[in-house]
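To start, I am sharing the structure in question, which I have written as structure tokens.
All chains are identified by letter, namely A, B, C, D and E, in their written order; residue positions are counted from 1 within each chain.
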Amino acid sequence: MLKVFKALVKRDMTLAWRRRTDLLNAVLFFVMVSSLFPLAIGADPKLLRLIGPGVVWVGALLSCQLTLPRLFASDHADQTLEAMVLAPTPLSVLVLAKVLSHWLCANMPLVFIAPVLGMQFGLGPEALGVLALSLALGTPSLSLIGAIAGALTLGLRGAGMLVALLVLPLYCPVLIMGCLAVEATVSGLSPEPYLLLLAAFSLATVAIGPWAIATAIGIAYE
Amino acid sequence: MLQVKQLTCVRADRPVFQGLSFDLKASRLMQVVGVNGSGKTSLLRILAGLLKPAEGSVSWRGMPIEQQTSDYSLARVYMGHANALKGDLSAMENLHWACLLAGRDPTQPVIAEALNHWGLNRRHHLPLRVLSQGQQRRAALARLSLLLDAKLWLLDEPFAALDTEAQEALEHLIARFLDEGGSVILTTHQAFGLSPRITDRVDLDRLRASC
Amino acid sequence: MSSATPNQALIGSRWFKYASPATFYPLAGTLAPWFAVLSLLLFGLGLYISFFVAPTDAQQGEAYRIIFIHVPAAWMSMVIYLAMAFWAGLGLAFHTRLSGMMASALAPSGALFTVIALWTGAFWGKPTWGAWWVWDARLTSELLLLFLYLGFMALQAAIEDPRRADRAGALLALVGVVNIPIIYFSVQWWNTLHQGASVSFTRAPSMAMTMLEGMMVMSLACWAYVFAVVLWRVRKIILIRERNSDWVRQLQQKGVL
Amino acid sequence: MLKVFKALVKRDMTLAWRRRTDLLNAVLFFVMVSSLFPLAIGADPKLLRLIGPGVVWVGALLSCQLTLPRLFASDHADQTLEAMVLAPTPLSVLVLAKVLSHWLCANMPLVFIAPVLGMQFGLGPEALGVLALSLALGTPSLSLIGAIAGALTLGLRGAGMLVALLVLPLYCPVLIMGCLAVEATVSGLSPEPYLLLLAAFSLATVAIGPWAIATAIGIAYE
Amino acid sequence: MLQVKQLTCVRADRPVFQGLSFDLKASRLMQVVGVNGSGKTSLLRILAGLLKPAEGSVSWRGMPIEQQTSDYSLARVYMGHANALKGDLSAMENLHWACLLAGRDPTQPVIAEALNHWGLNRRHHLPLRVLSQGQQRRAALARLSLLLDAKLWLLDEPFAALDTEAQEALEHLIARFLDEGGSVILTTHQAFGLSPRITDRVDLDRLRASC
């Protein structure tokens, strides 16, 4: 079982590497959203510092959900997902492997890039650290929730937008906690409670997520 | 081994076939025939466990397939008309991964041999999408060479896109699998060389649901 | 992907008798008109109380009368989501067909009441706060609730196979219901940091008894309305989904439909 | 030729209508993105009024960006695009028809909804009008530029990144003009020069776009 | 009519075939044969104008096809292995649109008749994606019934997924087209009923580029 898990993580990462432009696009999208704002709003440094954490977090969130609809869609289209459904290994294990490799390829880069973007908005070093940390803690649950939506919309027309629609309200707590953590740091308070909440939320989704995703895929195939 | 009782298939509210029953023994070759749209693909998907029948049951060794644990997964191999391969992975990678998923773990040389057997000699490491349609189909079928220890193959139009040489290779492989005690259910519109070995036949045109 | 076959013992028991669409259909048909009449009566009474009996508010004048529709609608919007998730969970667990139909019948009503709560709230906000919309915790979570409803309906609309639509919707509703408290609290924390005193509910000092009565009657009217509409909608869904079944054919032959 | 043009517009609009949930979803995405920002940034009305025009414009741009890459992709995947390449009608005409119907279905609704979103940010009636007008004038060029990018990514596997980089700078002028127009209105100045510039930019892209798109598709097929 | 001179095809840097020349007259049926991967699909795509040959030229009525205006577009019909139909449109809408695009404008009854001829009687208005594989192929081929006024059909494995009845219908249609002065170039691995009418044959295995 562990063998198949590892093999699937490796396969998905190989595939991601072969199509690295897709990943780059997600990262680029993130950079783009965050850089468009100063353009759209004007360059008042105080204003930028105020909106900085929010903009970066929204960018990360949108970039996540941009890549998620395709998490299962391509496997569905070429029917390799069928092979997974029919496999002796439990589907929830396979699904966890897929989400993990997606997180590694698509979300981890955001964690590293976010501080650079935060700098554009004039955030201090401590706030930048908390920004990266909050993203690292929050994005796993974004991935898992997004994957649930992706599985529910398998094979449906217009799945991309539908996923966005299903997922955005569910993302709000993560977004709010993440922004609050950074803003607390900016205003000299401790971000700890928010970070803990983020971590707890991520753990909870890791516990429930794979089951929900496997159920959702099962629903698509029955 | 595989027992089908009073199977009725309904797709998108339109009945496709009804009242299908049969009992498939070991070493049997069953051909499913019927005009386009008579439900051959649907039947194979039901047998594989990818589609729920509207009524009736499918049992493997006496137990309904939806209650099976990994037993049936290891015993049955399903090949639909799509190849279930990734265009961005090479034939080698694709096969290795497909076998792992099916619960086997062949070594590289074994996989390479299977690919050579299917005439993909100098193409093990090319991304699959640059192969021709028939070469891709060959890569998909090479999986069967590695799954001879299974018990039941469900093949949906396996001969499509194959040239004569590959078609014969597949016929030999099926014959070997039958000899080793496996059973095969396949659909095809083409004539093929195994006609004398066909022991069971299901004609879906006769079971057409009145609609 | 095995899904347990419906538990025969449960289905056999009396409790589950009405889980069969064939038995529920006539029952819903008998009940719906009664609820419709009841809701009409209650609406009449409630509107009479709210417009003619309840006194004018000292601070807000006549505008406060929006409360009689606003608050019941806000309540309904939340209760209906719970009911929807309840049916959805039941359907997912026991494969009862009716549960899924109930959930899909409830969703539009829920969304409607959410929209009404938002709309009346916005309408009320203009005179009292001077703005159509502020990013208050309660308002924001109500908006997110609307998005959840819309997501549910969009998902069901996108799936053609009704069985899959029911089950996918059910899973989504359950995930949503787990999230609602989390959303609610997160929005509250979020808001307290920024907002504080600038926005607060300028509530009438103490709610007059008649106001409370009016609100209660209006709430009951909404309940009756929801029952009537949902039963009626379920009947339509049953007919569409079961149009190939024997009992619907028999009804058609008898000319009942 | 006109007949084929009309038929293609009709076909694409029929397809869009069959998938009307897609369109609705695009609109909802727009609404949600704009609602996420207050959640991320905080609810201070003064701050929100400042960033309002920017948020709505960025939302529109992202919503455009999400639907456009698929404009040709689905026709490419099922090989109906091949039939268009082989058709006796010039490809640029067919392409213009596709972009037009995309604009009608996906962007026009944004123009009508933008004022509602603007209201959430406390913009005045005049600013709301200018917001809608600037979107109406700006989105055609967003569509056409996006379609060029979509066409380029068809053939050039691995050049997706490059294309995104090429397109982004083209989007910026539209975004900046649009935001400036609204902000000018908010601060009591005339938005006219910006609106005129937007219109001019759109006209220019309408003139050049179809040809560029047809060329890009041609590249994918040779 | 169609003149091919010293055609060489290279795909992804690997040569596929070289030095292919032929001259196709009116009312001729040409079969392209070759093992999987020998370049049949590539050849048809070159002839259609969807792929550039590495060397050599293809001319239609004396003029190279890349210099043709709409003449060649109206005269040639290309059907690849994909069906080029939209799953969300009905068979009716798909056909109407495909004909418009090909420069024809048939009326509804004419299209309906073509569909009936292909056995899709009660399925004119269903979205295409709910049809079976063979039914979708039939819908794609129904286009040919409406394009009998063309001059050259390029058909890539047209018999794939068809049952016997549909295969016969296609053979009749091709025979009729030939009788009316059209030419057909097709590839297929299956035996088919028109063998006596095959007048030209290209064997790509013989032209295999040494690599």
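Following the convention adopted for this analysis, a residue touches a chain if its C-beta (ideal position, glycine included) is under 8 Å from a C-beta of that chain, and two chains touch if they have at least 3 such contacts.
Keep in mind that what you see is a predicted model, and the values were worked out from it rather than measured.
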Touching both chain B and chain C we find A
For chain A and chain B, chains touching each: C
To bring the C-alpha trace of chain B onto its twin chain E, one rotates it, in degrees rounded to the nearest 5, by 180
Label of the chain whose CA centroid is most distant from the centroid of chain E: C
Per the C-alpha means, the centres of chain A and chain E lie apart by a whole-Å value of 46
Geometric centre distance via CA averages, chain E-chain C, whole Å: 56
Centroid spacing, where centroids are CA-atom means, of chain A and chain C in whole angstrom: 31
In chain B, the residues touching two or more other chains are 12, 49-50
Where chain C touches two or more other chains, by residue: 1, 3, 147, 150, 154, 158, 187, 190, 193
Multi-partner residues of chain A (at least 2 other chains): 85, 157-158, 162, 165, 168-169, 172, 176, 179, 183, 221-222
Every pair of chains that touch: which are they? A-B, A-C, A-D, B-C, B-E, C-D, D-E
Report the residues of chain A in contact with chain B in the complex, numbered from low to high. 3-4, 7-8, 11, 14-15, 18-19, 78-80, 82-89, 221-222
In the complex with chain E, residue positions of chain B that touch it: 11-12, 34-37, 39, 41, 81, 119, 130-135, 137-138, 157, 160-167, 189-191
In the complex, chain C residues that touch chain B: 1-3, 5, 160-161, 243-244
Note: in the complex, chain B contacts chain A through residues 48-52, 70, 73-74, 76, 78, 80, 82-89, 93, 96-98, 100-103, 105, 127
Given the complex with chain D, which residues does chain A contribute to the contact? 21-22, 24-25, 28-29, 32-33, 36-37, 39-42, 47, 50-51, 53-55, 57-58, 61-62, 66, 157-158, 160-162, 164-165, 168-169, 172, 175-176, 179, 183
